[in-house]
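What follows is a pair of complexes built around subunit A, which joins subunit B in one and subunit C in the other.
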Partner chain A sequence: MNLSDLILQAVINGILIGGFYAVMMLGFSVIWGVMGVINLAHGEFLMVGAYLTWVLNRQYGIDPFIALIVVLPAMFLLGYIFQRILINRIIERPFLIALLVTYGLSVAMASTVKLIYKADPRVTDTALTGFWNLSDGVGIPATKFYILIAALIMMAGLYLFLQYTRLGKSIRAAAQNKEAARMVGIEIGQVYAITFAICIALTGAAGALISPTTSIFPFMGPVLTLKAFAITAMAGLGNIPGALMGGIILGLVENLIATLVPGVGSNLGITSSFILLVVVLVTRPQGLFGGLKPAEAR
Partner chain B sequence: MATLTLTWQRLHLGRWGLLFVVLLLVAVPLPQFFAPERNLVTDSLLFSLTQMFILITLASNWNLTGGLTGYVDFGHAVFFGVGAYGTGILMGQPGWEPWPEALTLWSFWPAMLVGGIVAAVFAVLLGSATLRLKGPYFSIAMLGTFVAMRELVRVVRPLTGGGLGMTLPPYLNRPLFYYLTLTLAGLVVALMWWIRRTEFGSTLIAIREDEVGAEMRGINTTLHKITAFWIAAFLSGLVGGIWAYQNAYIDPDVVFLPNRTVDMVMMTMLGGLGTVAGPVIGAATIYWLRDVVWSNLLLFHQIAEGILLIIIVLGAPEGIMGVLGDRSATSLPRLWRKWFPSTSSESEQPA
Partner chain C sequence: MKRGIKVFTIMALLALVFSLLPGQTLAQEVTCDSEVVVQADDWLSKIAEKFYGDVLAFPAIAQATNAVAADDESYTTIENVDLIEVGWKLCVPSTADAEAMLNRSIGAAMAEVEFDGIIRIGAAVSETGSLAQAGEDTREGYDLWVDFVNHEYGGIQVGDQRYGVEIIYYDDESDADTAANLVERLISEDQVQFMFGPYSSGLTMSTSAVAEQHNIIFIEGNGSSETLFERGFQNLFATLTPASFYTRSAMDLFAASGVQTVAIAYEDEPFSASVLAGTQIWAEELGMEVLAVETYPRGATVAEIDPIVTKLKALNADVFVGGGHLNDGIAFVRSAKSLEYCPQAMVLTAGPNFPEFAEELGADAENVLGPTQWEATMGWVGAYLGTPGEYDRRYQAMFNSVPTYQSAESTAVGLALHAAIEAAGSMETDAVRQALRDLDIVTFYGPINFDDTGKNVAKPMASGQIQDGVFTVVAPSDAAVADFKFEPLSWCDG
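Now for the complex of A and B:
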C-alpha cells in the first residue's frame, strides 16, 4: 500500500467516525444551547447507553442496532429523572456550579458502573459486518458505514423535530429568549426536562452505535466529553449541519495525524482536537457556522 | 503587651490571621516531638501533614486565578505535572542517547527551581492564548490542555519514559519534606494575603467583577491575568517538583491524575472562593474527610466523593467562609431555605 492509498483510507475512516462524533456531541450542544448547562457527565451518559446495549447483546442476544429500540426510551427516562432531580437546580446558577455538579455526577456514574461491571474493556457483536473493497487495501468497513447511516437518520429526525413540531419550536424559543417564551405560555420547566431527556436518549443511542467497533469501559467518558466540547465550540450551539461538519473535520484531523505521524497511534487524537479548538476559539469565537444562538460567556 | 496589641492591629490580620500564626507556631516544632513508640507524632502523621500542605498550596495557587481573577481553571494541575516532569527529567537519566551530559543527575534544589520556571514559562505561553477566552471556554480549554499534556508525555517516550514512567533517586527524609511543604504553604498563604491588599490584587478583583469596565479604566487586563497565571503556575510547578522527589517515581497517570485538577476547585469552593483562608480550610477539611471516607468505604469512596462534591456545591456555593460570615444564616431552617431554594421558584419570578 502506498502513501496515497493510506491517506485515502484515513479520509474514509475520518468521515465515517465524523458521523459518530456528530451524533455523539449533538446532545451536549443542544443542552448547552437551550439550558446553558455544560454537561461534563455527557460521556458517562454515553457510557451507560453503551453498557445497556452490551447487557442486551450478551444476555438476550439482541443486535446493537436493534437494541436502539430499548436504549432510546430507557435513556430518555433516565435523562428526564436526572433533569428533575439534579440539573433543574443548576440551570440559572453561575457556570462554575454547573461544571462542578456535572463533574461530580460523572465521577459517581463512572465509579458505579466500574463497581458493577469491573474495569475491563468490552465489545458487542453485530450481524452487520464486512468490508467493501474499493481498490486493493482501500475500502469501507461496513459496520462503521451502518453507524454513519444510523447517525444521519437520528440527526435528521432531531432536525425535523426541532424545526417542525410544536414542542421542537418551544425548545428553540426557550433557547432564544427564555422570558419571552414564558410570556407566550411555554412551560419552561417541562421544556427543559424534555430537552434534556431527548438529548440523553440521543447520547445513549450514540453509545449503542459505537459499542460494536470500539471497546467500552467505565472511564471512556471524559475524552468523549472533551471532544463533544471541541466540536460544539467549532460548530456553534445546537447547529445540526455544523455538528456534522465539525465532527467530520475532527475525524479527518485525528485519522490523518495517526496515519502520517509515525509512532504516535491514536494517542494524539485528543491533543490535536484541542489544538484545533484553541485555534478556532481564538480566531472565530462565535464558532465556524453559527447556531441556535451565539456562543456567549455566561 | 500594649504595644504588641497595637502592632497586631496595625497589621490588619484579624482573627483568621491570628489563627494562622497559632497554627504555624504549633506546626513548626512538631517534628521535634517525633516519637514513633508513643504513637503520637509518627511517620505517617508527618506524611499526612505533608500531603495536606501540598494540597493547601495547590488550592491557594488555584485561588489566585480561579477565585480572585474569576478565570475558572479546570486544568491547573498541568503546571504541577510540568514541574514534576521538569524536576524528574533533570534529576533522573532519560533514555535519549545524545542527551546532553549537563542535563542529567542534577541535585534536587536547582532541579526544583528549574521545574518551577519551566512551568511559569509554559503558563505565559499558554495563557497568552487561553486567557483571551471567556467563562466556560477558558475552563474547558484548560481541561483539554491537561488531558492533551498527559497524552503528549505518554508519546514523547525518549524524554519522559512514556507510560512506563521514570524513577528519581529515592530519598527518605520525612522532616525535610515536612518543613519544605510547610514553608511553601506558609509562604503561599502569606503571598495571597499580601496580594489581596495590594493594587495588583484589587486589579484582579476588578477584572473578575467587570473585565470590560476594568479595561476601560485603562487597566492592561491581559498583562494582569497573565501575571497572576504565571505566579500560580510557578508555585504549582515547585510543588510538583517536591512531590516528584518525595514520590521518587513519576508516570503520566499518577502525575496527571484527573482528580488532582478538580480537587483544587473543590477545596477552594468548599472553603470560599476568592478568600485567603478559604483554600486552607477547604483543603484541610477535604483531606481529613477523605482519609475517613477512604478508610471506611474502600469500594464506594469514589461514588461517595462524587456525591459529596454535588452536595457541597449545591448546598454551600459560598463555602465555609461564606457560611461563617453570613449573619442571616443563624437558624437551621433559614440555612436550609438558603441552601435548598425551592425548585419551583423559577415560575414565580417576574418574567
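Now for the complex of A and C:
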C-alpha cells in the first residue's frame, strides 16, 4: 500500500465517519437552534440508545439496524417525557441554568446506567459486516457504509419534515422568532416538546448505529458531546445540509491528520477538531453555512 | 495497707493462673460425628460449610480435632487454621457439640469479634469514568481481604493484640487530579494510617506522590508503569509485575515462531507506554524489527482507532502488539475486523484476560493474546488464602463473578500489608516500611519480594491466548496450561 492508497483509505474513512458525525450531532444542533438549550447530556442520550440496542441485540438477537425500528420510537418517548418534566422548565431561564441542569442530567444518566449494567464495555453484532476491496488493501468497510446510508436516510427524513410539513415549519418559525410564532398561533410548548423528542430519537438512533463499531460503556458520552459542539459551530445551528458538510469536514480532517502523521497522528486528529471549532467560532460564528441563528448564548 | 496489697497480689496471681488454664473442659467429652481426611483444594471453612452449612463454624472443627489429637495420634493437631494439609484427619463434632463449643447457634451470622482496635486504610478507586470497570475489580479485591481479616482471620496480630481493618473509599472518577485531592483528604482529614492504590498507572502516579509527601505507606497492585518507581520514593510498594515485562513471554513465543517484524500502537498514558517500551526492548533483544510506534489518546473511540489500523495495515508487519485498557482493546478488534487488518498475531496489553472480552466479542476474540498477572489456574500456594483455585471460589461466593487479575493483585496488596504488620509487630510507619522491604513470601497471587524502589521483582508475568472462547495461559512454559496457537485471527484467511 503506497502513500496515495493510504490517503484514499483515509478519505474513505473520513467520509464514512463524517456521515455518522452528522447524524450524531444533529439532535444537539437543532435543540440549541430551536430552544436555545445547550444539551450537555447529549452524549448520554446517545449512550442510552446504544445500550437499548445492546439489550435488544443480546437478549433478542435483533440486528442493530433493525433495532432502529424500536429505538427511534422508544427514544422519542423518552425525549418527550424528559422535555415535559425537565427541559421545559429551563427554556426561558438564564443560559447557565440549562448548562447546569443538563450537566447534572448527564451525570445522573451515566451513573444510573452504570448501576444497572456495570461499567463493562459492550458491543453489538450485526450481519452487515465485510470489507469491499477496491484495490490493493484499500476498500470500504461494509458496516460503516451502511451506517452512512442509514444516517443519510434519517437526515433526509428530518430535512423533508422540517421543510414541508406544517409541524416542521412551526419548528423553524419558533426558532427564528418565538414571539412572532406565538402571535400567529403556534403552540410553542408543543413545538418544543416534539422538537426535543425528535432530536433525542435521532441521537438514540445514532447510538444504535455506532454500537457495532466501538465499545459501549456508560461514560462514553462526554467525548461525543464535545465533538457535537465542534461540528455545530461549523455547521450552524439546526442546519441539516451544514451538519452533513461539517461532519464530513471534521471526519476528513481527523482522519487525514491521524493517518498521515506518524506516531502521534491520532492525538493530533482529535486536537484538530477542537482547533477547528475555535477558528470557526472566531471567524464565522454563524457557522460556515449559516444556520437558524449564530451560535451564541441567549 | 500491706495486707490489702497481699490480698490483691494473691487475687491477681489466681486470676493469672485461671486465665492460663485451657478454657474448654468440654474438650474431654468430644465425640467425632464424622471423620474427614483432607483432600486437595480443601480448607477448613469449606469443610465447615459442607457439614454445617456455615463457613464460620470452622473453629469447632479445629477445636474438636485438637482435642481428640491429644489422645489419638491419627488425628493431627492444627496449629494454624489457615493451613491444613492433604491427608490430615480431622474430627467433625456433631452440630450440637459444635454449637456448644462456639457458644452460638450454627448458621447464624458470627457476632462481631471484639478487636483491640481498627486499622484505618484509605483508597481512592474509580467508580465512574472510563476506568470504572477495573476500578470495581480493584475494590472487590480489597474488600475480600477486609472480609477475610475481620471475619475469618480474627484481626491482624500486632503483638498480642488483634486489630480489625477498615478501608475508607472515595470515587476518583478515573481522573488523576481528583484522585490526588481525595488522597490528600484521606490522609489529612480522615487520618488514615495506610494507603492502598487506585487502578491504573496514571492515577497511581499522582496519588502516590501525595502519600509520599505525607510519609504514608502506599501499597498498590494496579500501577505497573516503570516511571512510578523512578522517583526515589520510599513509601511506594507494588505487588504486581512491572509493566516492561508484560509482553516478554509473548515476544519469546513470536521469536520462536520465526516472527521478524512488529507493529506497535498504544494508548498514550504511562502504563501502556511502559509496556510498549518494554516490548521494544524485547524486540531488539530477540532480533525483531519494530516497523512503527503509534499512539492514540485516552478514551479513544472508533474515530481515533480506525486511522491507526489503516496505517498498520499499510505497514504489513508480521504481528501487532499494543492497546491500552479494555475499552480500546475491544474497539481495536472491531476496527481491525471492519478494515480487514490481518497481522499474523495480535497482542493486546489489557483486554483478553477479562472475561468480558471473550463474552462480548464472541468468535472475533479467538486467538488474540494478552498478558496476565495472574490466573486462577496457576499453581501458587500461599499463606492466608491458599491457592488461586481457592481464591477463585471464595471470590465467586462473595461477588458472584469471576476474579480478574486486577482483583487478585488488589487482594495481594492487603496481604502484603497484613504480613508486614505482623512481621513488624507494630503499625508504626518506619517499622512497617522496613518489614515490607524485608518481605519475602508466597501468596495465592505469587511471590512478593520488593526491591529498593518498591517493585515486586520476584513475580513472573504470563501470557494467555483466547482459545475456544477461554483465556488460556500459554507462556512461560512453567505456567502454561496449553500450547500457543499461531493461527490467523477469526476474520482473516489462513
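Structure notes:
Heads up, the rule we're going with is that the second predicted complex is superposed on the first by the 289 of 298 C-alpha atoms of A that agree within 3 Å, B and C clash if a C-alpha of one lies under 4 Å from a C-alpha of the other, contacts with A are read in each partner's own complex, and residues count from 1 in each chain.
Convention: a contact is a pair of C-beta atoms (placed from the backbone, for glycine too) under 8 Å apart; a residue touches a chain by one contact, two chains touch by 3 or more.
Since the model is a prediction, treat every value here as computed from it, not as a measurement.
For the composite obtained by superposing both complexes on subunit A, the positions of subunit B and subunit C are in clash. In the superposed pair of complexes, A:V223 makes contact with subunit B and with subunit C alike. By the touch criterion stated above, A:G139 is placed in contact with subunit C alone, subunit B being left untouched. In the superposed model, A:I188 lies in contact with subunit B only, and not with subunit C.
Residue contacts after overlaying the shared chain place A:L86 against subunit B, while subunit C stays out of touching range. Of the two partner chains placed by the overlay, subunit B and subunit C both lie in contact with A:S111.
Looking at the shared chain after the overlay, A:V278 reaches subunit B, while subunit C stays out of its contact range.
Judged by the touch definition given at the top, the superposed model places A:D125 against subunit C, while subunit B stays out of reach. In the superposition on chain A, A:I38 makes contact with subunit B only, while subunit C stays out of contact range. In the superposed pair of complexes, A:I210 makes contact with subunit C only, with no contact to subunit B. When both structures are laid over each other on chain A, subunit B collides with subunit C only at 186-194; the other stretches in 24-32, 186-194, 330-338 or 384-392 stay clear.
Overlaid on A, the two complexes show subunit B and subunit C touching the same residues of subunit A, namely 110-111, 114, 223, 263-264, 267, 270. Those residues of subunit C whose C-beta lies close enough to touch subunit A in the complex are 128-130, 132-133, 135-136, 174, 268, 292-297, 299-308, 310-311, 313-314, 316, 326-328, 330-331, 334-335, 337-340, 354, 356, 360-362. Residues 1, 5-6, 9-10, 13, 17, 110-111, 114, 118-123, 125, 129, 131, 133, 137, 139, 141-144, 210, 212-215, 217-220, 223-224, 251, 254-255, 258-259, 262-267, 269-270 of subunit A are the ones that touch subunit C when the two sit in their complex. Every residue of subunit B that touches subunit A in the complex is listed here, in rising order: 72, 74, 129-130, 132-137, 139-141, 143-145, 147-148, 151-152, 154-155, 258, 262, 265-266, 269, 299-300, 302-303, 305-310, 313-314, 317, 343-344, 346-347, 351.
By the touch criterion given at the top, residues 38, 86, 88-97, 99-101, 103-112, 114-115, 179, 182-183, 188-189, 222-223, 226, 229-230, 233, 263-264, 267-268, 270-271, 273-275, 277-278, 281-282, 285, 295, 297-298 of subunit A touch subunit B in their complex.
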